[in-house]
Amino acid sequence: MNLLSVHDLAVSRGGLRAVEGVSFTLAAGRALILRGPNGIGKTTLLRTIAGLQPAVGGRIDLAEDAVAYAAHADGLKGQLSVAENLRFWARVFGGGGTRDALEAMNLKALAERPAAALSAGQKRRLGLARLLVTGRPLWVLDEPTVSLDSASVERFGAVIRAHLATGGAALMASHTDLGLNEARELDLTPFRARPGSPRRPASFNEAFA
Amino acid sequence: MSIWEYANPVKFMRLSDAILPWTVAGAAIFTIGGVLWGFLTPQDYRQGATVKIIFLHVPSAMMAINIWVMMLVTSLIWLIRRHHVSALAAKAAAPVGAVMTLIALATGAIWGQPMWGTWWEWDPRLTSFLVLFLFYIGYIALWSAIEDPDSAADLTGVLCLVGSVFALLSRYAVLFWNQGLHQGASLSVAPGERMSAVYRYPLYLSMLGFFLLFLALLLIRTRTEIRRRRLAALQARETRA
Amino acid sequence: MLALLRRDLVLAVRAGGGFGLAVAFFLIISALVPFGVGPGVAALRPIAAGILWLGALLSCLLSLDRIFALDHEDGSLDLLATAPVPLEGAVAVKALAHWITTGLPLVAASPLFGILLHLPGQAMPWLIISLLIGTPALSMLGAFGAAITMGLRRGGLLLSLLVLPLYIPTLIFGTEIVRRGADGGDPGTPILFLAGITLAVLALVPFAAAAALRINLR
Amino acid sequence: MLALLRRDLVLAVRAGGGFGLAVAFFLIISALVPFGVGPGVAALRPIAAGILWLGALLSCLLSLDRIFALDHEDGSLDLLATAPVPLEGAVAVKALAHWITTGLPLVAASPLFGILLHLPGQAMPWLIISLLIGTPALSMLGAFGAAITMGLRRGGLLLSLLVLPLYIPTLIFGTEIVRRGADGGDPGTPILFLAGITLAVLALVPFAAAAALRINLR
Amino acid sequence: MNLLSVHDLAVSRGGLRAVEGVSFTLAAGRALILRGPNGIGKTTLLRTIAGLQPAVGGRIDLAEDAVAYAAHADGLKGQLSVAENLRFWARVFGGGGTRDALEAMNLKALAERPAAALSAGQKRRLGLARLLVTGRPLWVLDEPTVSLDSASVERFGAVIRAHLATGGAALMASHTDLGLNEARELDLTPFRARPGSPRRPASFNEAFA
């Protein structure tokens, strides 16, 4: 069963199409890594799939409330402790298992530390631990391993594999090697949007171009 | 022996441990004694029984000012000599000072009702006290807002310095502002010289009591603060290791 | 939802002061006004109701400007928007949390400030009632303004420019209640109007605010 | 230094409104006050000077709270602190930029608001003079407060709690100048006091503010 | 000649020592990469050397106004264009050559774009271009290649090499391969601070522990 299928998708940022004509499907248990040079539109694509912005063309099919999104900003509150941050998201998503999540990303020792007192990599680990408490099947991750040391990258790989093994799926954008050999890769370079007015303008910039 | 050894928190704990019981006992005796004695004094011919509130009002008003001065001194010691206990003492003193100000304001208001027929008057002296109260709560709020203890100590120290200057400045500005409407001598009770010994001695006693009360509270709160810091430090070290 | 409310309250308390802060701000405003307009009872009594209401408006403004901006900057809002809570609900809860930390303490402490500004005694209950009815609308409208100016780096002044005009009806009826109460008149009509405004605001504005948030998230 | 001033001014202009914003806020305050206290000349004239000065204080507050916080969040402050400009100078320049975007337009527009609030004609020049002398101190003291609360996520209310008490002397002497001007008295003494305060603030507070910034950067 | 020499340095974060006993020197034309797991204290060490926080022990010798620091936050103003951002820092540091800097990090085409409309990698490229306009010899860089695509990482390597060739030096912290084979590496793991009260406490945590 496909958790996500994308057909002829076009997305826009700042009023201009970034990539267009992107199609792929993601079945349960599969991972897909988006590749492409800086500025091609990976972040934009992921935000569109997460439902944070509308697509300007094509179709995205996915179940409601299936997506857990994680980006550069980890959504942490500096004044709350690591455990409190996690617990909050667990409550919001109706998930649970904050203890397992802390364990999985090696945050046990830091559980009572305010999030503001974490190092860059520790923050990122907490941001990833959040995924585990959402209980969502489709993870949409934007450069998930930034700032992580190699041990944590491995740990993250294990977490992803466990997620895939339990019927989840993951869509990621990254410039580095994630150590996930089983993941497919999709290079967005060929889908770079060509200038030229589309049929139905999506924004002021397109309407008056 | 460097200045640091002398200002060691362990030494402070030992010293304060020794004098704390005496201070508490003294505070209890003198405060209660002074106020009780005050209440047993004869009624003033003009003000009646309401004059008795002076035994709460004046000591608390004096302490309110003195505590701020003490905070200024300890803040300076912290900023210059990095004496940690000193910073914590300033932190511990602030709420006591704020409460003293509040007591002075409240007793003043209660007194003002029969004397002036109003709970509150924008008299320069009362207004200055309100301003002092504002400085106290600003200082306390800043302490509670900053997580990192070192930054909090430094920033509140700087605030205390600048605040002291402006508290003084405000006092003069307030006097300037409300010259014309200043309460005449007929309303405000004339100071010390007309006060008979009947009132003076219990007043001195309760002043001493209030000072000891402050000292006791200061010691207790500083000790609590030190213990809390110690706990936090040990916890931080544990999670780091 | 409850989790969000709890988090916002905890954050308000930890981020310095929480409940006391709004009251303290109110106290300062009450102290500054006599410095500005002079200390006499004659000068203060007629404007007391208006000043107290203006103070409520301003303390609302000063505390509201960043409620969405912060969540936006640290990415929480992106995550909340994908969470299984309706954004309208999240807005309402955030406004509620704001009211609990700002409006409610204000209502409770208002008689004190009434004394400072020489508000006549018989007007006190009306002051409390008018603030109790009116401040929820202030929080909600402020949340709407904060949602609109969320993406802007320095929203403070702009926010007040957007929100203060929206506060005008509340201000007018709120002060009218107190004024009539002070003069011994019948504050029934303005109370009805004020309650009507607050109810309408609470019912409708969350949708507008959520729409503004969605647009800003794109 | 000049580059910093220019950047701050450009940012203020691009980040919505710039010069006009403070004036607009002032306008709203001047419009709200009659709603709060009643519209008559008799009600407004005695409080006009105070309200105008209070408006200046508040518009200062609302625009100041984030001047250092923003630079802190996006890392500019780290870079500025390692740059070959003294941090004290940077603070002074930022306060200056703030004054140019907030204080100066206010001074220029104040006669208009004086008319709105029925300030007597002979007080107008004194209003302008008092604001011209006093507002630089407001910007500088506000910068100090902003530096202290820089690291806090919701500084708004706390900032006002710290800064407004520092504004008291300026407010008192400022309104006194206008009041004496209106009554035909001699505003010389308060002008001297006000100028003295402003000069002292401008000379000394940058050091305190820079110290606070350094502490917050650690 | 040594641009930087560090002797027995101890640095602290949140009131606790992070690493201690670190010594190294950095001569003109040399690069040093700090390694170590998340949370060991790399960022703290770099900030201390940049002069943003005081050292709690040891000595740092470097010329005044020698350091250009670049961290995760790039110090960009979203409302200013790329060129304006760069020009500002050039003026502040009294350097120049914004045009060359734009060229070097391949930002020419984006020069008039507001910085808020850049992608993550483009922002980072601008942050690195800033180093070129400071005119400072010692670059202190915290995870400089985060979010960069491989072409940009190569470009960055070339920039560093050119800087070293003209008598500069670079001190970097990174978890990934920077493609700088000539750089020395220093693993901080052995320098992790051991608990135990130091002679003169540097902070509340040390004073009361």
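Going by the order they are written in, the chains are A, B, C, D and E; count residues from 1 in each one.
Note that a contact is a pair of C-beta atoms (placed from the backbone, for glycine too) under 8 Å apart; a residue touches a chain by one contact, two chains touch by 3 or more.
Every value quoted in this text rests on a predicted model; they were computed, and no experiment measured them.
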For the copies subunit C and subunit D, the interface residues, called same if over half of the numbers are used by both and different if under half, are same
Most contacts overall join chains C-D
Per mean C-alpha coordinates, the chain lying farthest from subunit D is A
In whole angstrom, the CA-centroid distance of subunit C from subunit D equals 23
Whole-angstrom distance, CA centroid of subunit A to CA centroid of subunit C, is 37
Cα centroid separation, subunit A vs subunit D, in Å, comes to 45
Whole-angstrom distance, CA centroid of subunit B to CA centroid of subunit D, is 32
In subunit E, the residues touching two or more other chains are 14, 72, 79
In subunit B, the residues touching two or more other chains are 131, 134, 137-138, 141-142, 145-146, 150, 174, 177
Touching at least 2 other chains, the residues of subunit C are 11, 15-17, 21, 24, 28, 35, 73, 153
The residues of subunit B that touch subunit A in their complex are 147, 235, 239
Listed in rising order, subunit A residues that touch subunit C in their complex are 47, 50-54, 65, 67-69, 71-77, 79-80, 84, 88-89, 91-94, 130
The subunit C residues in contact with subunit B across the complex are 15-17, 20-21, 24, 27-28, 31, 34-35, 39-41, 44, 115-116, 118
The answer for subunit E against subunit A in the complex is residues 14, 36-39, 43, 72, 117-122, 125, 143, 146-152, 175-176
In the complex, the residues of subunit D that touch subunit B are 144, 148-149, 151-152, 158, 161-162, 164-166, 168-169, 172-173, 176, 190, 193, 197, 205, 208, 211-212, 215-216, 218
